[in-house]
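Chains here go by letter, A, B, C, D and E, matching the order in which they are written, and residues are numbered from 1 within each.
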Amino acid sequence: MADSQVKIKRNFPCKPKIWLTTEHLITLSTVAVIFISWYAATEWKLFSEVIIPPPGKVYKTFIDILSEGYKGAALSTHLFDSIERLLAAFVFVCLTAVPAGLLSGYNSKIRAVLEPLVGFYRPLPPLAYYTMLVIWMGIGNSSKIMLLYLAGFAPVYLACISGVMKIKRDYISGAYTLGANKYQVFVYVVLPACLPDLFTGLRTALGFSYTTLVAAEMVAAETGIGWMVLDASKFLLSDVIFVGIFIMGITGIMLDVLLKFMENKIIPWKGKE
Amino acid sequence: MISVRQQENLENIIRLSNVSLAYSADSANVLENIDLSLNKKEFVCVLGPSGCGKSTLLKIIAGFIFPSQGTAQFGTKAIAGPDWQRGVVFQQPPLYPWLNVAENIRFGLKMRHFSKKQSEDLITDYLEKVGLLAFRNHKPYELSGGMKQRVAIARTLINNPLVLLMDEPFGALDALTREQMQAMLRKIWLELNNTILFITHDVDEALSLGTRVLVMAKGPGRIIREYKTSFTYSAAQENTESIYHCDDFLHMRGEILHLIRSAV
Amino acid sequence: GCGNNQAAKNDTANETPESITIGLQAIPNDELVAKQWYEKELGVKVNFKQFDSGRDVNTAMTAGSIDIAILGSTPAAIGIAKGIPYEVFWIHDVEGDNEALAVKNSAGVNSIKDLKGKKIAVPSGSTTHYSLLNALKLEGINQGDVRILDMQPPEIFAAWQRGDIDAAYVWQPTLGKLLNDGKLLVTSRELAQKGIVTADVGIVRTEFAQKCPDIVKKYVQLQEKAFKLYSDKSDEAAQSVASELKIDQAESLKEMKELLWLSGKDQLTEQYLGTSSKKGDFVKTLKDTADFLVEQKAIDSVPEIAVFEKAVNPAFIEAATK
Amino acid sequence: MADSQVKIKRNFPCKPKIWLTTEHLITLSTVAVIFISWYAATEWKLFSEVIIPPPGKVYKTFIDILSEGYKGAALSTHLFDSIERLLAAFVFVCLTAVPAGLLSGYNSKIRAVLEPLVGFYRPLPPLAYYTMLVIWMGIGNSSKIMLLYLAGFAPVYLACISGVMKIKRDYISGAYTLGANKYQVFVYVVLPACLPDLFTGLRTALGFSYTTLVAAEMVAAETGIGWMVLDASKFLLSDVIFVGIFIMGITGIMLDVLLKFMENKIIPWKGKE
Amino acid sequence: MISVRQQENLENIIRLSNVSLAYSADSANVLENIDLSLNKKEFVCVLGPSGCGKSTLLKIIAGFIFPSQGTAQFGTKAIAGPDWQRGVVFQQPPLYPWLNVAENIRFGLKMRHFSKKQSEDLITDYLEKVGLLAFRNHKPYELSGGMKQRVAIARTLINNPLVLLMDEPFGALDALTREQMQAMLRKIWLELNNTILFITHDVDEALSLGTRVLVMAKGPGRIIREYKTSFTYSAAQENTESIYHCDDFLHMRGEILHLIRSAV
């Protein structure tokens, strides 16, 4: 009889995904606590409005900027211009830092040329050499993209080197004994074996480039989220600063989630070797 | 037929002369004074206590490490690195986790620019040989220990290298699968005439497969005895089980076990 | 510093704090001449903090990290409009020829009117930003007719060299470098004559001013002393500025002369701070500046004139010159 | 007879270190090429001196600053003050980001609290929130150190999480079957197993903090290498800027080498598992 | 003596009831309807073809994975995770590369707060038992395959757990070392009375060690036959080699091999 059948709860070592876990609830609570403290702090006027604008005002400013734009450009324009610069830089990073890093890890001669250069410029603050970049590349988008590019290059480059160094020796010797030449080992073994590190590098690089956004938009920008925040800070518009910071934080998280998603799609074997 | 093969064998394909190896300048020699030649079409099995340097010896021939002293040659040239003509089955199979079973097996063919069509049939053939047809699209981390080992075997065999270097390839296999694999390897060897160096810890296996059995001792690792055998030809023709009971076999087996025991 | 310690709230008007913090900018005026005397004559330990622009001074004031500071009238107007608790008690200088609108020779521009369609660089939110916008307005040029780029002086110079920009409204020493292949269109001195006054002013945290009026008074007296030294022995004054800015004496004298210096007495006139009972035109200057910034949508709102009246406090000059 | 003995060249799989390798020579040549191009470019006056000062002048300025200091403070003071800020931040990073990251990797509830916060602030440009920091913490050293700390926190935190995620499951199950409790697994397995990733994170963080140095010393500093570069750029003293950049680049490399050295000492098993 | 042990055995220490396992919701069952009880002080050996689910079964008892259906109990409690009273020797030994051989072996004792002095003697004892005294301070990556396996064995045995779960622990050992290890394990078991689940692919080994031998088949993995044996007691008293020639042994061995062959 159908109703005598007992449904048995089944366990699987690889659990199916649940959409709302305890962890999600904890995260939501954390965010809620922060918003409530923020609201309370401003409600009880613990700080002046210049220091911490109340959530309501920030929201209002957001709506205003959304409908009217900020200083002659729509919010979408600001956001789009920034993202465009970021992505342009990011694409160049992928096209150059990945091969440069993998080759440097693979061939000690190439590393001998590139690593010291990267090691030298890597700790340099963008603000220290930005003037030089403007001198060489002008005040247009190219110097801005260059700055973001330089910020992103080093993390990817170094992650690739360290990825190559960590490859199991047997993966490589195995390939040789199966008939691969140096080039094939590079393409069919080094590259896939480094993918996990590569993605970590790309995610670091994206965050890092984002971090340089305000510096990049400091000079002669008329649009961009970074510029908006900087401009607002000149006029002590802390509500606009907050709006800008929220937009950067949230778009930053979104880009990162996108990369994470791609990572999971491309490297299903991660952590299962 | 046996004598024919013996004659062809005269040509050396691998030659180690007076090889010693230490893993670092301040540690003792792991191998000392190894003189070893592999003739064409020979099937050499290596026995020896754990840690005596069997894997190390194989790594030298594979070209992964170089002798600290002495020379290692492949044909007439010094061994300068790995090469597909010296195929290796590792003690711990380094399958590529980003490739599925069939892709792992196809790896060598792809490197050697076989067309996809040519490869497909070969792959199916070898998957069948190692009994993993059903696991074609599985990823290595979804396989059991013995299944991984069989994928690694297929991956190397499909390349049909001149020399096959195998480091305890059947170590994780149950009795039955092991017998099947032994039969398969023997068949391939008889048909394709590869030269095989086969490390094992199973004396029966060594005797039933090899044309020559080397026994190593440790401290430092060295070859202490060599046996010429031909049980593998009988095993190929008759039932394998039968050779285990023949007197010659039992005698040699006893002698080797005794040798290993007393060598310590 | 005085009043920094909330716990030690005390009603006695004249506390002597352990130390005070003064915010400086690299402007060749009385402040830098007087700097050498502070430690000895104010009678307290003095910490100096160097700021790049009025914007950072406003930030530090909000944080309560400094007691007395110098900044431009534009950032001062912003700060007051935003309700940062400080008062203007002194005018260090009125911007003269040290801030000007320069145009590159190759741009083919001969008057402000020709700037239409050109790129003009200016540090946003500074005195020169205000001056530039007004200069354009006076000539009837719409903001939309030109491209105004926000840049800091070093990048202005770099972009100028490359020909990325056609004009810039900046201050010394960058201004001088630009003029090597450029010419002046208008200076802040000329604008001041047309009522567009920009100045560098002294501000004091309101709480500090109430608790330690004596120190503020002494501070004003030292500015007077510097003014006198500049009028009587300009070489000596120039020398002390030169050593502060690490430039040679002739250069420093030249730059000092580009500024309009005011004595305390000047400042008490109608034209500037006025008196406690009747505040002068500078209140209006600040309010105008703020209004203008709202008009330009740089800030969102401006308080009543009364707020600016309250924020301008000539009482310390009155006390000092008594 | 003694002279009949033949010396045999011995090979070892683990090669002894050679002090001057081909790679070193290549690196030296690279650096030489850069210096020569620099020299040539200024000698032929391809750029104005304000844009790229000649090497000779930079060297002279370096010597001058070395003997006389820059704006009232000795070069060593500038360097020392910057390094002090950096190291203070770095020590705080080690003390907080490492446990936070390892715990977040180990316990999904802790991660649920911390990861979104880090994910949110991580892409934020220091320049965007520095104003806030100054407003909250004043213009003293604390806001500067805080900025450097925040720059360093995220890379270490994320590296630790990813390190924990990559640990072989068998290492952990093995420890449980040997009698370890959760706490012991953390201390005796998770921590050592993560060391390689931890060091990668620390090196990234140090470079990243360094990168933020100029921003940190932008407001109300009177000493510091970052401040020196920024101050010099206001007066277009490009020779001083170059001196500052060289000092930052070289000290950056040195700190990195130091960390690498420690890494090799502490994790001799790296890449040999 | 044998009958005494048999009586003590009545108490179940591990009990699997109707256990099935699938690695994911959309894949077939790897194990199906497994009913298995381990009695106290039993030595159960598991034989079966490669990929039949032996390791999976062991992982369930160890508490690494949970049955998709059915229940697994340790004593009277459901198995909720790993526990040192169920010690595990893995098929691929996860030695800690940051610890040397002695430290790896000490790991369990340290976790269980043994004093350094107490541990030292035990460690030396076990290092000797597995023949690695000379390698005390070596790092795992400086060991051969068989040596690693022996370290892993010592590391688990030194803990003296109630239940020992061993997944082909002697798989990479040569004949001699293997015999020594078998003898050692047998001795420990006789002295300390642990309950042992021992996966192997060597029928001789299973028969010469176990008090019970389980034979598994695959597709899906299930237990098809159980044998009670007692050769291990004879082996403990007489020469091990001798039992290999006794008729009972050969008969059972033949039967099992036949069973495995025909089960496919």
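The working rule: a contact is a pair of C-beta atoms (placed from the backbone, for glycine too) under 8 Å apart; a residue touches a chain by one contact, two chains touch by 3 or more.
Computed from a prediction, not measured in an experiment: that's the story for all the values here.
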Quickly list, by label, the chains bordering both chain C and chain D.
A
Max contacts between which two chains?
A-D
From the C-alpha centre of chain A to that of chain E, how far is it in Å?
48
Can you work out the whole-Å distance between the CA centroids of chain B and chain E?
28
Measure off the straight-line distance from the CA centroid of chain A to the CA centroid of chain D, and report it in whole Å.
19
Any chance you could list the residues of chain C touching two or more other chains?
59, 62, 154, 158, 161
Chain E, residues touching no fewer than two other chains
23, 92
Where in chain D do residues touch two or more of the other chains?
51, 131, 135-136, 168, 218, 230, 233, 273
Can you list the chain D residues touching chain E in their complex?
168-171, 173-181, 184, 188-189, 192-193, 195, 267-269, 272-273
Any idea which chain A residues touch chain D in the complex?
22-24, 26-27, 30-31, 50-51, 108-109, 111-113, 115-117, 119-129, 131-132, 135, 151, 154-155, 158, 162, 165-166, 168, 196, 200, 203-204, 206-208, 210-215, 218, 226, 229-230, 233, 238, 241, 244-245, 248-253, 255-256, 270-271, 273
Going by the contact rule at the top, pick out the chain B residues touching chain A in the complex.
62-64, 81-84, 86-88, 90, 92, 94, 96-98, 107-108, 110-112, 139, 141, 155-156, 159, 161
Given the complex, residues on chain C that touch chain D span 23, 26, 48-52, 56, 59-60, 62-66, 153-154, 157-158, 161, 173-174, 177, 246
Contacts from chain E onto chain B in the complex sit at residues 23, 47-51, 53-55, 91-92, 142-147, 150, 168, 171-178, 201-203, 257, 260-261, 264
